[in-house]
Amino acid sequence: MSSYEYADRLKETVKKLSDFLSLEELHHQRCRGEVLPSEKQLQELISLCRSLIFPGFYGLPDVSKENLLYHTGINTEKLFEVLVKQISAGLLFQKNTDHTDSDLKRLQESAEQKAIDFITFLPEMRRILSTDVTAMYNGDPAAQNKAEVILCYPAIRAICNYRIAHKLLELDVPLIPRIITEMAHSETGIDIHPGAVIGEYFAIDHGTGVVIGATSVIGNRVKLYQGVTLGARSFPLDENNNPIKGIARHPIIEDDVIIYSNATILGRITIGKGAVIGGNIWVTENVAPGERLVQAKAKP
Amino acid sequence: MSSYEYADRLKETVKKLSDFLSLEELHHQRCRGEVLPSEKQLQELISLCRSLIFPGFYGLPDVSKENLLYHTGINTEKLFEVLVKQISAGLLFQKNTDHTDSDLKRLQESAEQKAIDFITFLPEMRRILSTDVTAMYNGDPAAQNKAEVILCYPAIRAICNYRIAHKLLELDVPLIPRIITEMAHSETGIDIHPGAVIGEYFAIDHGTGVVIGATSVIGNRVKLYQGVTLGARSFPLDENNNPIKGIARHPIIEDDVIIYSNATILGRITIGKGAVIGGNIWVTENVAPGERLVQAKAKP
Amino acid sequence: MSSYEYADRLKETVKKLSDFLSLEELHHQRCRGEVLPSEKQLQELISLCRSLIFPGFYGLPDVSKENLLYHTGINTEKLFEVLVKQISAGLLFQKNTDHTDSDLKRLQESAEQKAIDFITFLPEMRRILSTDVTAMYNGDPAAQNKAEVILCYPAIRAICNYRIAHKLLELDVPLIPRIITEMAHSETGIDIHPGAVIGEYFAIDHGTGVVIGATSVIGNRVKLYQGVTLGARSFPLDENNNPIKGIARHPIIEDDVIIYSNATILGRITIGKGAVIGGNIWVTENVAPGERLVQAKAKP
Amino acid sequence: MSSYEYADRLKETVKKLSDFLSLEELHHQRCRGEVLPSEKQLQELISLCRSLIFPGFYGLPDVSKENLLYHTGINTEKLFEVLVKQISAGLLFQKNTDHTDSDLKRLQESAEQKAIDFITFLPEMRRILSTDVTAMYNGDPAAQNKAEVILCYPAIRAICNYRIAHKLLELDVPLIPRIITEMAHSETGIDIHPGAVIGEYFAIDHGTGVVIGATSVIGNRVKLYQGVTLGARSFPLDENNNPIKGIARHPIIEDDVIIYSNATILGRITIGKGAVIGGNIWVTENVAPGERLVQAKAKP
Amino acid sequence: MSSYEYADRLKETVKKLSDFLSLEELHHQRCRGEVLPSEKQLQELISLCRSLIFPGFYGLPDVSKENLLYHTGINTEKLFEVLVKQISAGLLFQKNTDHTDSDLKRLQESAEQKAIDFITFLPEMRRILSTDVTAMYNGDPAAQNKAEVILCYPAIRAICNYRIAHKLLELDVPLIPRIITEMAHSETGIDIHPGAVIGEYFAIDHGTGVVIGATSVIGNRVKLYQGVTLGARSFPLDENNNPIKGIARHPIIEDDVIIYSNATILGRITIGKGAVIGGNIWVTENVAPGERLVQAKAKP
Amino acid sequence: MSSYEYADRLKETVKKLSDFLSLEELHHQRCRGEVLPSEKQLQELISLCRSLIFPGFYGLPDVSKENLLYHTGINTEKLFEVLVKQISAGLLFQKNTDHTDSDLKRLQESAEQKAIDFITFLPEMRRILSTDVTAMYNGDPAAQNKAEVILCYPAIRAICNYRIAHKLLELDVPLIPRIITEMAHSETGIDIHPGAVIGEYFAIDHGTGVVIGATSVIGNRVKLYQGVTLGARSFPLDENNNPIKGIARHPIIEDDVIIYSNATILGRITIGKGAVIGGNIWVTENVAPGERLVQAKAKP
């Protein structure tokens, strides 16, 4: 095949790929002045939150009593700036229509308000995450000290991203929360939907393959092992045979429950306080408080 | 131990590690002028494909009706260049003998031909991927809009890489396809072998731990959940007790099948049209069309 | 809300986040001159080991018989430098008290000694890893050649990181080994604790979701599939109801065992030589040599 | 000196350096939302202009008749975006007072208007720069071809930056033009003030040390050698004994003049058409058309 | 020529280039643990100084009254760290013999002392540099405001580097000061030796080609134009016919002197208070206070 | 002006800028497979040469007697690779016609031959440069040691680039030599044409503004100060009134000559052995051996 034929085929393909009709819903038409959510910026956002919550472990390592104020001051300010940009990006992305100047102004003010509200919540977020660290340290005989938990345990990263994303979702920030939890999913194999509600002193061991669905509710002092699914069982369908959106469809896990590896809990059922679910089993009905479920005996 | 002893031990180790006899098959002897497949270049290749297929979501964000042609033109050209280099790298890597100049010329021409054939397929690949996006959006009550699916869902990244890799494999490009699917495996925890044959409107939910083996065949409108394995059961052994390569050994999944999380389907069996496989079970025999398989009841 | 209120709320939050009392155990107070373990440096460390063990596949691609000595010499030296820094960082991190100058000197000498011991072990590590590559190649009908195994298979990366981390742990290096295996965990979804003891000719297929606990013991010629857990069953508790640390609590897997996908083996039990464990089952008792365990039949 | 004393001295210095009184005029107080001119962005601006004016020499090298339109389209759009940002930055920097929202809107519109006007001028700028290239090529016996002039000659870079900066100054863009010519000054040692007015077919040989002052006027077909100064002689002083700003104080160089190396021409004098000024001399009075000035004979 | 001959010639050249005898004085033999001065680190050092002296113009742009303390605190600390490393590097580089551990400790303490002394001087350095900015602004009719001087004028960068380097030289830091002034020389074409002594309110216009020798002494309110040399005339020779090092050999320029472009002042002469030296002339004898020297008339 | 008008004006300008007629000679039409000379690659080339010639000062700092062979081996090989690519780029750039495959093969072989010849010359280049270092050290009372000369003196960088470029020019490599000397020109303000012939023990002090023309011939032990020009006086014109290319037109400077700052030597004249030329003077006639020329007395 000659160079000319190559050039022709390339040209023809460029034409096909530039056909707007083939792009319906696969293409995002940017509004005037719109900035898209940026994974790089969101990574920065996460880094800043981690360095504010666990100073010395994340961010610059030379934190001391003397300079903690300087570090916190600078990082809080940077975080405010990144938050305002990314929240605006999320708000703009969601809108379908073109924006008037006053729209844009209102949107900017809303982004600033949400950013402030988020930052104000950080001290409380640190308190909650410190209970998660303690849960992970106390529950794992292999953990040498809390520093090891904070520095190495993937579950801490996943839960930290989740708690950030969940707060942003509470503040009605669209799209961004989901990207943030998917970043942790890619890094750790732990997939927590930002919509889930999760109590304190929460532990995940190993973690790869854990799935926590959008309407899950988890109490305090719960522990999950790798591969556990808190999923939906069936979806009421709409007239087009597609699932209806927005219905509570994931389990409620009460306080002090332990769920072992690869167990699958499906549907809006309740696992009662203190129950223990064995590994590799499939649960689709309520489990009473204190009950212990294990797999049918394997046959040799 | 003194500095001199250190220097001696380092020197001795360098000598041992430089012993060619210890390197048999662990070392790649580059041919003259050979360029190795480069993960960085392949990442660029994937990015260019994504930006051509989903313009505005991937690649530069400022795509509009006015400039789509420019973007598509430039990206198609860059893609051609990267493809030719990486396909050549794959072809060279596969060869064992040294190359004559005419070998190299033929190989270069072959790489250009394959690159053109790949690019020509892109509009059709966009059409197929758009059915996958729709499947994922329709099937997940948590999805707010298709943009969220395209931007956040790991399954879309894994399937996109698979469809690229599968096409390259059809064009007899060695090594590269496998690297491309492993890149998605690392990013998403979804491991699809480029040799699998997968129909349209394909959905994977959450995805971590999914394995789709090299000779799997999957129909249209199939949906998998996290942790599903489509694997081989047993391998006929050769005279050295090693598995014989190249035998069809993975399942055939017919149209409209749903397989729930952590189910394991093993061997060249057929899951009939419309069947539903429950979570956490192990299937090694054919399942009739429309059948619903669930796990044995767990005992309290 | 006005700018002034924003500034006030930011200021107040900065103050709260800078309160040392809220930071107990969540903050690392760096000693004088201390360098923290650096993930970037550890990535470099892994890259150098890989390029020394598999020259031409990792590191600079232009390795030949003529220049192998140069490459090995340079990389060994760089590795020594990085090792000394990171081992020192680990040793310093572990200590709680402030350091005298003579402490620091002893610690530096200890780091150099450990670095030399590690490097001296590399030729043997290459020999063992070559048996792992052979195991993976022989056992997977989809593998075209050993090069594909070395370049693409995530299990090779995970096992390579594990063997490096395990050697460092044997040399009493703290913290670093765990970070190294978690880096592989994030990249491959395979979570091998550096404390596990693993024999030669070890294979993991696909690998996502595999967990191998800290006190596991694995023989030669063992093969695991994705999602397999070698975990602990129950933990003897101390007076605070927390698990006692440091007790042997994970399985012993004897030579020639195969464990299929998503099987969960829990507790200090022994899976006898040559046993085969089917997928998706939960094993908490000893399995006799040669035995074959499979899941209870699913019900239609 | 102890650590405590160090800490004290650092703390005290931090306090002194943070004293706003010591910062008068040495510190820029950013307005709300203000973005400062960025040297990195301006470098991008220059690169885009160069790649639009000399495609194939600057920017991506693979320009062909077939894809020139794509490259030009993309680069023009990127240039528009960068220009709007940097022109806004310049306009904001200049203002002293805080901005109302309607100020900011007017300013944004003004920046867009100026950016469009600048881009519309680019084809003419290419025509003028092509005469400069020809002048440099024809006038230098060492030049092998015009490609060498475009790729290697520092004077082309300096003149290109000047012509860009001069156009921006004509469009009343503050600060940015001066930064752009200083970037060329640093790169080439040629210092052309953006306010100078320079005709076509302009050549500078070697160039280091050339200075062309803010109110200089240069005709067509003029050639300067290295170290030539077109400067001011004396400055009328204001009541504080400082020079009065904004008075025409640099020379007028008419068409076809040649000025040899290290000559210094000072004051609002006129060097007549076709005059030749020898090297290393100091000229402070008018030179008649066609006249040839040389240095007084050196004495042995 | 065949590949074999190439390999032989390369091998032979490698051998020659590795011959230590050919390297006498061209090679630096690093001491144990020695870190070489790093241009990248010194660039960081300069950036930190600039951002402390001119906050908002250099460093992060978002400096305000509210956060100036945070910025100053963080940057001062970073500067201390970089200074200690680079001063140590300079001190080690200078020594010829191998170091004992106690040598190294003394050297480290010395570096810390010098770093503190340097930082303590920064507020005074800001005061002096602010007089230089004022001199440049007042003296140049083209300057629109002081911001333009700080942001664009190469002389400010050169003088800033000089004042930093001069202070380090006063503190007996070897090598580093010279590298710092050469960095400014490369960027601006202005070559000020760190040994020169320069008063306040110092201005250089345009600057390219200015040379200020190591033993020059310059008073207050002096102004130089581009290309001015303050050099040595002749060097008393030692027994090997080489210049004797360390003798005062450059001019003394008293207060309020102006020296126009390309003038060359040579030898330990004195240019008296308020004198004016015209451009392009060569001065090798004392000039009386208030005198005005100009070039011999050029002949037409 | 509305968005529509903007879009129209952009579109129209894109069309004008994409008009091939306006691009005559301002655009480089790349041949098939052609790689353009790359400034980044040439920077790498220079760095490799510097690290081979001055090991420990440039390149990796940890060079010792033990590992010099490794470093030299690796760097020589990298240099060979970069040289072949850049020499090919230069050879291709020069050609006007399209290339046949056999052309390209011959060109590749020619590039490899020239690269080998260049590398073989490096030991001799080191010897010559060591005389330049000695000249600079002996001649400058401010130099503390040779290390300072090698690390800080811009003249060493300029002369090093010149000697590399000159050798490449001798090997008939087009374009690349000129780019290499212009890189030094930009960095140091010293402009040496690669065509000049320069003897050993060559020194330039300070250097900014030095110009050494293409046909200059300089003997041994010559010293130049800043701002010295060795230029052409007049150019015999061709029928189009443009200078005839390729005529010897720059000065011959014999052994042991010293030329002080800002002196200008023009035309194919000879400055005799041991002559001394004072600063700021213009010389256009032969100067006898041993003669001392100084500027006419300035008048007060």
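Order as written gives the chain letters A, B, C, D, E and F; numbering starts at 1 within each chain.
We adopt the following convention: a residue touches a chain if its C-beta (ideal position, glycine included) is under 8 Å from a C-beta of that chain, and two chains touch if they have at least 3 such contacts.
All values derive from a computational prediction rather than experimental measurement.
For the pairs A-C and A-E, the larger set of C-beta contacts lies at A-C. Residue numbering at the chain B/chain C interface overlaps only partly, since under half of the positions present are found in both copies.
Ranking every chain by how far its Cα centroid lies from the centroid of chain B, the top place goes to E.
Between chain C and chain E the centroid-to-centroid distance comes to 50 Å (mean Cα coordinates, whole Å). One inter-chain figure worth recording: chain E and chain F are separated by 25 Å, centre to centre, where each centre is the mean of the chain's CA atoms.
Centroids of chain C and chain F (each the mean of its C-alpha atoms) stand 52 Å apart.
One inter-chain figure worth recording: chain B and chain E are separated by 57 Å, centre to centre, where each centre is the mean of the chain's CA atoms.
The set of chain B residues that touch two or more partner chains comprises 62, 69, 73, 77, 189, 208-209, 227, 262, 278, 280-281, 294-296. For chain B in complex with chain D, the touching residues are 62, 67, 69-71, 73-74, 77, 81.
Against chain C, the residues of chain A that register as touching in their complex are 52-57, 61-65, 68-69, 72-73, 76-77, 80, 112-113, 116, 119-120, 122-123, 126-127, 129-130, 133, 138-144, 146-148, 150-154, 187-189, 206, 208-209, 225-227, 260-262, 278-281, 294-300.
Within the complex formed with chain B, the chain A residues making contact are 1, 6, 9-10, 12-14, 16-18, 20, 22-23, 25-30, 35-37, 93, 174-175, 178-179, 182, 185-186, 189, 191, 193, 195, 208-209, 211, 213-214, 227, 229, 231-232, 235, 240, 242-247, 249, 262-264, 266, 278, 280-283, 291-296.
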